[in-house]
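Shared chain: chain A. Partners: chain B in the first complex, chain C in the second.
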Partner chain A sequence: MVTPVLMIAIPLLAAFLMPLIKKAHRYFTFSILLLNAILSVLLFAKVYNDGAIYETIAGFSPPVGIYLAVDNLSALLALIINLFATINFVTSKKDFKFSMLYLLGVTGATGIVLTGDIFNMFVFFEITAVASYALVASKKDEKAVEGSIKYMILGSVGSSFMLIGIAIIYSQLKSLNLYDIAARISSMDPKMMWLSFSFLLTGIGVEAELFPLNGWVPDAYEGASSNIASFLSFGPSKASIYAIARLLIIFSMSRTYELALYVGIATLLIGEVAAFMQKNEKRMLAYSSIGQMGLILIAFSLIKDTSYAIPAAFFIIVSHASAKSSLFLISGKKGFGGITSKYVGLAGVLSLIGMPPMAGFWGKWYLLMGIADEKMWAVAAVIIFSAVIEAIYFARYLHKNLGEGESEDLGYSIPAAVMVSVSIVMGILPLIYNMAGGVLNA
Partner chain B sequence: MLELIFAVLLIAAFATLFIKSGRIAAIISLIASAMPLIAVMDWANDFGIKAFSFGVENSMDFSIAGITMHLSITSFAWFFAVMVFSLLPPIFLFSYSFFEKNNGFFPFMLFLITAVFGILLASDFLTLFFFWELMAASSFILVYISRDKKAIMSYLAFSVLSAVLILVGIALLYSQSGTLIFSDIVLNADKVTVSAIILMVAGFAVKSALMPLHAWAPFVYSKADEPFVAFLSGGLSKVGYYGMFFMLFALPGAKILHQYFNSGVATYLLAVIGAISAFIGTLLAFMEDDLRKLLAYSSIAQLGYIAVGFGIGSSLAMAGALFQAFNHAFFKSVLFLAAGAVAYRTGKWKISELGGVGYKMPFTFMAALFAIFALAAIPITSGFAAKWLLYEAAVSNKYIFITPIMLIAGVGAFLYSFRILYGVFLGENRHDDIKEAPLPMIAGMFLLVLPLIIFLIFPGYMLDMMHSALVDAGIGTISHTNYVIRTGTASYNTLAVVIGMMVVMIPAFLIYVLRKQKKVDFKDNFLAGEPYEFYGYISMHAANNFYKPIEDVIMPYLRKGAISFYTALYNAMGRVSDASRKIYTGLSQDYTIYIIIFFFIIVGWLIW
Partner chain C sequence: MRKVVAIILASAFFAVLLVSFSNIQQADYGEKEYYYQNPINGSYANESVPSHYISNTKNETGAVNAVTAIVVEYRGFDTLGEVTVLFTAATGVSFLLYKTRGGKKRTEANLILKEGSKLVLPFILLTGAYIFIHGHLTPGGGFPGGAVIASGFLLMMLSYPKFFMKERAVSVTESMAGITFAFIGLLGLVFASSFLQNFLPLGDAGYILSAGIIPIIYIAIGFKVGSELSSIADKLKEVQK
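And now, the complex of A and B:
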């Protein structure tokens, strides 16, 4: 019996048990993460076959009780987060505190995507954010601490915004359940509704790396160790962009979608343009992440209008999570230094710029099909522009890493290869299963 | 059948990924690359002579579980397939000696072939785009092996530009006609708009190195491995032209453009762009000292002629364009391979450092000589027939701008070919210690020369091959027999020309061989009393500053070319990027203020 509760409860419990099992903490953490990944596979299979799961905790029925809601997309996101967390943890060589924080971070990110309750979502945001601040600082040098402090300041500002937004909704509707809110949102005072939306978007936007709320991103990614930068790019950021998608669906007004589209375009342009001349590798990857988050937001902002939006967003998320995480894992030294890193770098870059057989190809395909459906040619022009910019700086990145450098650390490059192969698998699967068929047979 | 070919190509690609030895990888690739060629030749009965109408699918539809990839062969795809896949086995034969170690050339070349096979067989746009991108990705990795910064950056940037242009074009087509399947789009052609056609033609033109989208070509052609460059110039550029052919004539985009502008201005523009490519490419070519860059500019120029034919669009012009495409595929591959063979033995690329290689490598010289004859359109080669058709098409359409430019470019082609002949293969013998290229290299080059000779004598065969392509695309063909091409104004009998040339050449050759010769020392003929040491080694070379007067006249105008434009654009973009990063001040208080400002802006925007 798979229930989504286990995926949150088990790692949370394990995190608090960590001080008791100091010695074997790495094996313990790894097995917990693996268990969670297996659970998420089973959960996805169940959701895929039987439809969405709504589960109430502690017996209270909605709208009073806390409850979890899992549909296809959130199950897939939980799967991605837990799978990559498991692979990424192999590179950890730190003490038990690190493992504990890591488990907490994963719990929080998983919780964000599985929860059906807006206050719970806030709590999970706090859990994953606090764990991430500490994880960024765990490298213990000056830059790591600087990045961590900036992340913490902006993160706390963001979470207070989010809390105010939730408070407004609760004061109006006396409910915290996402579905309940969505059903009754139109009964809110319009000004209050816009106000709460703005607070929530600003609050979550800080974590989701949206422009101009993303000041912490370059510093935190640069300061963090490679595996934590990798964790940040598949964990909290992906969970938060999904939370924004839920927010958009709840409010579901054409103005909010329009706003999300503009924010997405701004984020995409600023991220890609800033990355264009950035010489520091990790900062460049961080700016590029900002650009990709903008692209995902653009995809989500089309949800209401076109059925291509969800597959587009999903494939970009998979492509970005796997490619950027693996690029971060092999970053931080001079040159690729070995054949594994070289192919990981190539595959990652090709996935990000959307070439087959990578997941990024389908992301680009669906996104532009959706944009063509809506006849938004200005957006198409922006995407053409940013794709070329992206190609140029990634080509420079690839060339820069060709030089003779330190030889590669297989402890990092093999997990990175496993991560990037997820993008390849997801790029080939649509050919085998009829995921792309809808376009042809429409 | 198709499943088998794809499977063999992919298995070979994955196998060669793990093989260290270049020799074994070359043999595997050679066998694998023969598969699509055999299949294409097998389809000759369908397309070679008799007409085959577009839209009627062959029995070779193909699908893997789930999504159906509509693959079928059409007559014009078949023509391009013959051209592209005939190049491959000789190139792999050449590579057998060229690569001692497998540096990644073989696996990605096989992925590239798979992709090209898919592009030519695609009969819906998703399949086409998927394989187009696969081609871009695998050819990018082949460029990446060269480790040259400019080549890597320009190739990826232009590949992505081409891909997104095509993708937006496809998205437009889809939103207008509601389908992605070629035959359905052709039925709904009245709904297709001009913007989709222009976008897609521009996207395909990037791969064909048409000016001003050619800026990647000089860097990539001069740095990547020669066998790959031979295929890139010979084969992949034709894939771009296949896309253009599809958009302009099969769809038929040319008619839609004509209706929209109420005149032939758009296609005329394409012809002008092609002619300018031919002209400027030629000028740039004969000033280059790097042999590979010379060949790169020459490629740009020769590919420009094809665009001229596409732009004119009459049956005469199209026959000339396709003929030119076919010839170019072979002679340019031979020339790049010959350059590779010379570099393989001497390690040099600069014309000013080479010289007299032909005395030591006579077979390489022979192959290159024949290719140069074809390139310069000397009447004893098939190159002449192609250019003659194009010139006649331009003249009969009274294109007073294009015709003279093309003629000047044709003479220019002879000028730079002469530099290759004289600067590299003839002239002062500076390389006593080199040997002839290895046998597989020579065999590869001569296999590629073979079609040039066949179609020299029988241009009618070539016109037979393209007959059904031209008929299906609604262009119509020109009347011909095996030896004689008849156009509205003239007829060209190759047999008579060949016999006439023989009558002149054989006695001339005999006189050359049999006369009493006085061997003149090489340094005698131009020194005019100056001491040899006076100018140093390189400045004495006949190829050095060979066209200095012309260079002095035209160089100031060419300096502001496309490449400097892109460089300026890159630098400007860099300044924008540096400025945009000033937003990220690094101060938390600034970022907090951004958050608050953002909040107030969106609240204001939402409420009012």
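And now, the complex of A and C:
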């Protein structure tokens, strides 16, 4: 029996159990993460065959109780998060508290994706954010602490904003259920609607690295150890951009989509230009992440207009989660010393700048198709311009690193190679388009 | 210059919020009839969520305290999440701060504090336990009860500089309480139909042995919050060399 709640309950139970079994904590955490990845495959198979799953919690039907709502896209995202978390965890060498925090962070991100209740989403945001603050600081040097503190201050202000937004919705509609809110949002006073929308967008935007709320991003990515930088780029950020997509569908006004489009364009341009100007490699990768998040937001802001939006966003998410995470994993050393890290660097960069046959290509392809359908030529020009900038600085990055380098650490580069292969597989199998095109009903 | 800009921005933000929140009062702030379609079985409900809580809590959960029923039963999943947030924060603090104990010299507390805390501690612990055991009957519950217990240990730390929590015992308590909560949830999945669902008899409302799984969960939360908050205080007291 596959139920989505197991993907949250089992890791939580495991995290509570961890202090008691200290010794084998790495194998234990790894097997729990693997179990979660397998569960999400089964869940996706079930959702793909039978349609969306709604699971009640505590036996009270939705407006009164909480429920989990899983559709194709959220099952796939849960799969991505848990799969990459499993691969990435191989590189962990720290004590059991690190494993606990890592497991909790992954569970929180999974919960954000699976839940169908806005306050529940907030709770999972808190879990993943609090775990990430500690994980970023896990290197315990000055830069790590600086990044962590910046992240923590912005993140906690962001969560309180999110809470106020939820409170406004509840005061008006007396409901916390996403489906219910979406059905009755039009009965809300437009002023209140905008107020709650802006609070929620600001709150989630901090985690989703949107402009102008992303001041923490370069410092946190630079300070964090390479596997945590990798975790940040496939875990919390992807879950929160998905939460923003759900938010856009709930509010579903043309003006909110427009606002999201502008925020996305600003994030894209500023991220890419900052990455272009940046000399430090990890910071450059971090700014490039910001740019990619902007691209995903642009894709999601077109949901209403074109059916290409969801596949576009999905492919960019896959490409970014796999390629950027693997680039972060091998970023600890100077240069790509061995053949494995050379392969990872090349494949990752190709996927990020959108070359066929990588997943990133399909993302940009569908996005441009969607934009061309809508005849928004200015947006298309911005995306192509940013792609050119991206290509230039990644060419510089490859030029600097592909030559001689320190000998590679296979413990890092092999997991990175496995991760980046996902990007290649997803590029070769554009059949996935059919799956990703499924409804994203909030 | 930056300060001036910051002050102007902050007051503009404040003004916007003031205007918008004053509008909430004018808009109808109460019950609205509506028809909500349940996405699972397609049925319609025409009662708003708050009024459902008010009129059905006692029958559905057996708890007299409606707040507890909402926190532990209706929205128990959120509470599991909130407990996890606290657990994550406590783990993060001990992960980052745990170094050495002792270190710099502390001034001894005066006689009144030392003797007084000995006298008061048992009563603080008793009050905390009372609050979380009676969570389904009287105001309070696991979170405030745990906080009261942690404040008792904090008082001991203030009056005796050499007082340290037994780390192993604290972390075992914390884990066992968390496991109890999650495990009861899974038992609900096995014996009833969904996670965290009540599978025990509800009993007579108003008695201490009533309301199904609520008292068990609240006792677990009380232990968990108490041990986590005291371990955070304990870790913050330690000196990093």
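We take it that the second predicted complex is superposed on the first by the 429 of 442 C-alpha atoms of A that agree within 3 Å, B and C clash if a C-alpha of one lies under 4 Å from a C-alpha of the other, contacts with A are read in each partner's own complex, and residues count from 1 in each chain.
In this text, contacts are C-beta pairs under 8 Å (C-beta built on N, C-alpha and C of every residue); 3 or more make two chains touch, one makes a residue touch a chain.
Treat the numbers as computed from the prediction; the structure is a model and nothing was measured.
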Touch check for A:L13: first (chain B), second (chain C), both, or neither? second
So in the superposed three-chain picture, is A:V157 touching just chain B, just chain C, both, or none of them (first/second/both/neither)? first
After superposition on the shared chain, which partner residues are touched by A:T56: those of chain B (first), chain C (second), both, or neither? second
State whether A:K191 touches chain B only (first), chain C only (second), both chains, or neither. both
Applying the document's definition of touch, where does A:L402 land relative to chain B and chain C: first, second, both, or neither? first
Contact residues common to both interfaces of chain A (with chain B and with chain C): 191, 195
Chain A contact footprint on chain C (complex, rising order): 20, 23-24, 27, 29, 31-32, 34, 36-41, 43, 45, 48-50, 52-53, 60, 73-78, 80-82, 84-85, 87-89, 91-96, 171-172, 174-175, 178-179, 181-183, 185-186, 188-189, 192-198
Which positions of chain A touch chain B when the two form their complex? 149-150, 153-154, 157-158, 161, 191, 194-195, 197-199, 201-202, 205-206, 212-213, 215-216, 218-219, 255-256, 259, 270, 273-278, 287, 346, 350, 353-357, 361, 364-365, 368-369, 371-373, 375, 380, 383-384, 387-392, 394-396, 398-399, 402, 430-437, 439-440, 442
Residue numbers of chain B touching chain A in their complex, please. 64-70, 124, 126, 129-130, 133-134, 136-137, 140-141, 144, 147, 149, 152-153, 155-157, 159-161, 163-165, 167-168, 170-172, 174-175, 178, 180-181, 570, 573-574, 576-578, 580-581, 583-586, 588, 590-592, 594-595, 597-599, 602-603, 605-607
Across the complex, what residues on chain A touch chain C? 3, 5, 9, 12-13, 15-20, 54-67, 69, 95, 97-98, 100-101, 104, 107, 111, 119-120, 123-124, 126-127, 130-131, 133-134, 137-138, 140, 168, 171-172, 174-176, 179-180, 183-184, 187, 189, 191-192, 195
